[in-house]
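Both of the next two complexes hold chain A, though its partner changes from chain B to chain C.
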Partner chain A sequence: MKNSNKPLKWMRKNLLATIGDSLLTLVIVPLLLWASYSLLHWGIGIAKWHAVEENLRVLMVGTFPAELVPQVWIAAAIMSALVGITFGGLVVASVVFSTAATSLLALIALCATYSNESAITYFCGCLAVGVIAHSVSLKVPKVKKYAVLLWCVGFIGISALVAPAGWDRVGGLMMSVLFTLVASVLSVPLGVALAFGRRSKYAGVQVICTFYIEVMRSLPLILVVYCIWVVTPLLSPGYPGPDLVRGLLGFTLFFAAYVAEYVRSGLQSVPKGQIEAAQSLGMTPYYINRDVVLPQALRVVVPALVGNVLDIFNTVPLLFIIGITDFLRAGQMILVNPQSGGYTYEIYLFMFAVYLAIASVITFGARRLEARMAGDHR
Partner chain B sequence: MNEIVSIRNLNKAFGPVQVLRGVDLQIGRGEVVVVIGASGSGKSTLIRCINGLEMFQKGRIVVDGCELPCEEEREIGDDKRLTDVRKGVGMVFQQFNLFPHKTVLENITLAPMRVRHKKQKDAEENGMRLLKRVGLQDHALKFPGQLSGGQQQRVAIARALAMDPHVMLFDEPTSALDPEMVREVLDVMRELATEGMTMVIVTHEMGFAREVANRVVFIDRGTVLEAGTPEEIFDNPREERTRSFLSRVLKH
Partner chain C sequence: MTQMTIEIQAPAPRIDIKPRRRILYLAKQASIVLVAIALFAWLAYAIRSGLARNGINFDMGFLTQSANFDIGEGELLTLQGLRQFVSSDSNAQALFLGLLNTLKTSCLAIAAATVLGVFLGIARVSQNWLVRQLSFIFVEFVRNTPMLIQLVFWYFAVVLRMPALSDATLWLHSVLFSQQGFYFPGFEITQQPSFVGALALILVPVFLVKAWMVKSKWLTWAACATASLIVSIGSGLPLKLTLPEVSGFSVTGGYSLSPEIIALLLGLSIYTAAFLAEIVRGAINSIPKGQWEAAAALGLTRRATFRDVLIPQVARVVLPAFGNQYISLAKSTSLGIAIGFSDLFNVYGTVANQSGRSLEGMIVVMVSYLLVSWMISAAINTANKRLLKQGGVR
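Here is the complex of A and B:
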């Protein structure tokens, strides 16, 4: 009896509580049903998903040479391991979640060589690596200490695997993900330095940092990226450097200003008594900031910093103005091709789903991280 | 001349508000000095000057043979002399000010490792010894937020002791505590006093003051109005203002 009543009660409370609610329900529910029916009908019956299938390699790795794709697989396995370790040791202790996260990453990689027969094997390999890494870091808490180091080493490995093709040929979703990671990681130390600079007791440092932050925050990203792309060859004539690195420089310099503002708000949230306690123990300003102020400040700004990672990921498509083929751009290139020009909806819907999935994983991880940090010290 | 803290003609203002007006105070080695006075009289400011948490405009403070820089000198940036003084002066705050992101033991070992460059193992050994002394050895791996106020304040005392200070400053150490926790903190302080630690205590616990103090100093409107043994101050105050202050605080 009780159980059968539950859905009725729920409906009453959430859908039909007042006359206004009932009217809204009457309008919205049929509308939603109709929308999902037509989407499903189109998705299963009409849509030609083979268009996505055939172009997967371009979507995933851009113009990356086909013969080097196995190396991308190894890189994907390294990524899976790193994500598994991170989620096991630092963020969440849920196997279900880590499986979902790693399988997503592996799925991305899977798509890269979908047409390849052995892709399924590779995919399962990546998945296994991720899950194993996750359970290892759960069982051996010591791994957590080396997470940062492992990321650095892993990243050097990935770079070494991908680099032989030439940085300008890295594209598609692989490039979007790698670019986001590097830009996010590089902008944090620079942002922290700027935030401290803005609070410096030396007027010169303070003015320069404030000026830099305010200027960057009042310029559009696309302008900064383009300007830096244009200017860098002037700084080192004869060797302009790959477009990707020049774009990375622009993103890092731009987003560091935002990180600086987040970190500054975190620094302000540390009570004065904390600094006084450290001072009264004879600690020097360097150690006070490093051991007392910064850890507490960063804890407060973790959600904002994760939001920053999402911002970077979602603005990577702007790199098209310096000629880099990211995920979105790869999709557009496919549509320009007369052979697959008619599949606009399929390609865009696929990209929509991938963006949504990656963003969901990042926000979900961030929420767990936040909850864990709050729970640790109360 | 066996004094460890020597304050002469100390003047301190917060902007236009003059807080300390010519304070003179000498504190001998091993002496326990309790500072009393109405709120806003400048007693907290006075002891915060001793380890340089507050700047002063005029006068001299010498701690263990080392002179503190005044405001003008600090603007030029004389951090070295300040940290040198602070190494030898422990301070316990009203709000404990433990580091919430570090465990109890890490709270205690941080400064010895960073300032005295002790090895982690030595610092931890010493930290555990101090925790045992304040009766908290079982809580070494907890975070401050998991402890009661009284326990936190005892950790704060152990943290200050870990630097082997020559002087301990207590800024209303029991004012933020629930009544039932005041005793455990006072017990630790009493023990320190009997072991011969030099202590300067700002407190409203008059019974405790009478019991442990070698000397009681009454601060009023930024000056030392009266100083003497607990008997002199509590039983036979010479000044009218001392008398009225004591009658107000001792009534209940």
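Here is the complex of A and C:
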């Protein structure tokens, strides 16, 4: 009896609390139904998804040579495994779930192989690798300890797989992801240095670091990237370096200023007693900072740094200014092509979905991390 | 914490090393400054010699040369008033027009984003489950996709997909959406405005603001506003309504917004609004639950609680965070180049292309962006101080 009343009670509280609320609900529900109906109708009936399918290679890898695409799939599998391992400590999934997910993926892959859809096969394969890596890192917690090392090794492996084609030909989503990874890693050491510099006891260092951070934070990223791109060939005559590296330099210099601010807030959160205790043990300032202050500060700012990765990923499309074909620009290039120019909404919807999926994974990870850290501190 | 007593040994007599330390410190300090200066000088020298290798001298003279290109967007502010930019104007004027466009877009987008953001933020804590979930989905979607894809989507997939001017409908004889832009009615200053009429008209908003600020005697001030409006109309209203009219392939009368600025405004304000909404939600949630209960105990309705208890506190908490978002919005106007909006960065690109002065122009543009960012930050700081003074710190 009580149970049957529950939905009614819930509705009264959440949908029909006051007259205004009820009216709002009455307006929204039909609108929502209509919107979802028309979206479904378009998505199933009218939209021509083959436009995405035919251009998938350009979207994913840009102008990367077709004969090297299998290597990209191996790189994607490595990436998937690394993400799976990293999430091992954050999301606890049961063995039953992992087995079910893996076998479902394998089933889809098998069906796709029969209908000759190699992309789906490989995609499911990559996902399965990720799920397996996740369950392995759950079962064997030791693996997580080597996460940083594994990332380094994995990244070298990915670079080795992709590099033969030449860095200038790396494009599409692959470029966006790799660029994000490298930029977010490189900006951390510089950011930490700037954060320490900002609270240095030498006024000169303080002023310079503060000036750098404040100026960088007041300028638009696109301007910084373009500026570095213009200036680098002047500084290294004869060898300007690939566009990608020049863009990377711009991103690193820009985001280091943001990292510095996050790290600074982390440094402030380390209790002063810690430093005094370390001093009383006779530690020198260098070792105090390296072994006492920094590890505690970094622990606090890890969620913010993960958020920073998301920021970088979401601003990679700005590289269009120096002529690099990232995921978004690949899509735009497809739309400029008269053959597929009519499929604007299909291509954009696909790109939105991919961006949203990747960003959601990062956001989810950051939130989990934050929650876990909050739990640890208690 | 329990108090602990520590026995401290008497310090051993020390040799005073303070002066030596001080000298060492100063020496280190000076050497750091010197190294920094040397590094900077080297950078400047390297860039200069790099330029020289390409046969270019560092020269700001291009600013006074004529631009030789047109800018259709916006109107140039000169000593003689507003006018259209022409290609014989100087590069400096072109950059200035770009800055004006950036400022105009920023102001409009900030206003729109604030309204939408506050609305969404309140919707995030609504009583209605549907409203709560919808705004949550919207905010998460907008925050988790790049700003640039939203911008190009608004431009290429929405604004440019509107009907052409010849097919567009003129709603209510006054509003028109088309590929060529958005047209709407407005007021125009008449040719020979009478002095009394103009003065009386200017006083109307002044009185209205006064009425809004002075809550106790608002009726008096509102009456003053009405009276001056009547005086203004009586002595020949200096304003005249203009309505857009379609004639063939062009529109006469009324005001218009170009498709580029519409897309940019939509993209910027929706993107920023999502971030503002999160800030507002966080601030509302940070208000202790006891305040809600206290308000409920006093018999205040939910709306009254919001208006009189929550908003005054939330406004204070939220303002600095809003300021950061405003700055990043102003910076993001530079993405206008992706859709061909003539903002500062876009105009700079054209100027650099035409004159070959990328580096010199870069310095001008950087300084302008720094000034814009610091202006917003100063404005927010002032507002924050005033707010804190008014209500006192909690």
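Methods note: the second predicted complex is superposed on the first by the 341 of 378 C-alpha atoms of A that agree within 3 Å, B and C clash if a C-alpha of one lies under 4 Å from a C-alpha of the other, contacts with A are read in each partner's own complex, and residues count from 1 in each chain.
Methods note: a contact is a pair of C-beta atoms (placed from the backbone, for glycine too) under 8 Å apart; a residue touches a chain by one contact, two chains touch by 3 or more.
Bear in mind the structure is a predicted one, so any value in this text is a computation, not a measurement.
Chemist: Taking the superposition as given, does A:Gln279 touch the first partner, chain B, the second, chain C, both, or neither?
Modeler: Only chain B is touched by A:Gln279; chain C is not.
Chemist: Now for A:Ile28: first (chain B), second (chain C), both, or neither, which partner does it touch?
Modeler: So A:Ile28 only meets chain C here.
Chemist: What is the contact status of A:Ala17 with respect to chain B (first) and chain C (second): first, second, both, or neither?
Modeler: Touch status of A:Ala17: second partner only.
Chemist: Thinking of the overlay built on chain A, is A:Ala47 touched by chain B (first), by chain C (second), by both, or by neither?
Modeler: In the superposition, A:Ala47 contacts neither chain B nor chain C.
Chemist: Considering only the touch criterion stated at the top, classify A:Ala193 as touching first (chain B), second (chain C), both, or neither.
Modeler: After superposing on A, A:Ala193 lies clear of both chain B and chain C.
Chemist: On chain A, which partner's contacts cover more residues, chain B's or chain C's?
Modeler: C
Chemist: Between chain B (first) and chain C (second), which does A:Leu328 come into contact with in this model arrangement: first, second, both, or neither?
Modeler: second
Chemist: Tell me, which parts of chain A touch chain B in their complex?
Modeler: Result: residues 201, 271, 273-274, 276-285, 287, 291-292, 295-296, 299, 376-378 of chain A touch chain B.
Chemist: Mind pulling up the chain B residues that touch chain A in the complex?
Modeler: Checking each residue of chain B against chain A gives 51-53, 77, 79, 83-84, 86-91, 93, 95, 97-101, 110-111, 114-115, 143-146, 156, 159-160, 163, 169.
Chemist: Flag every residue of chain A that touches chain C in the complex, lowest number first.
Modeler: Its residues touching chain C are 14-15, 17-18, 21, 24-25, 28-29, 32, 202-205, 208, 215, 217-223, 226-227, 230-231, 233-235, 237, 310, 313-318, 320-321, 328, 332, 335, 344-345, 348, 351-352, 355-356, 359-360, 363.
Chemist: Would you pull the chain C residues touching chain A in the complex into a rising list?
Modeler: Residues of chain C touching chain A: 25, 28-29, 32-33, 36, 43, 46-47, 50-51, 53, 127-131, 134, 140-141, 144-149, 152-153, 156-157, 161, 327, 331-332, 334-335, 337-338, 345, 358-359, 362, 365-366, 369-370, 373-374.
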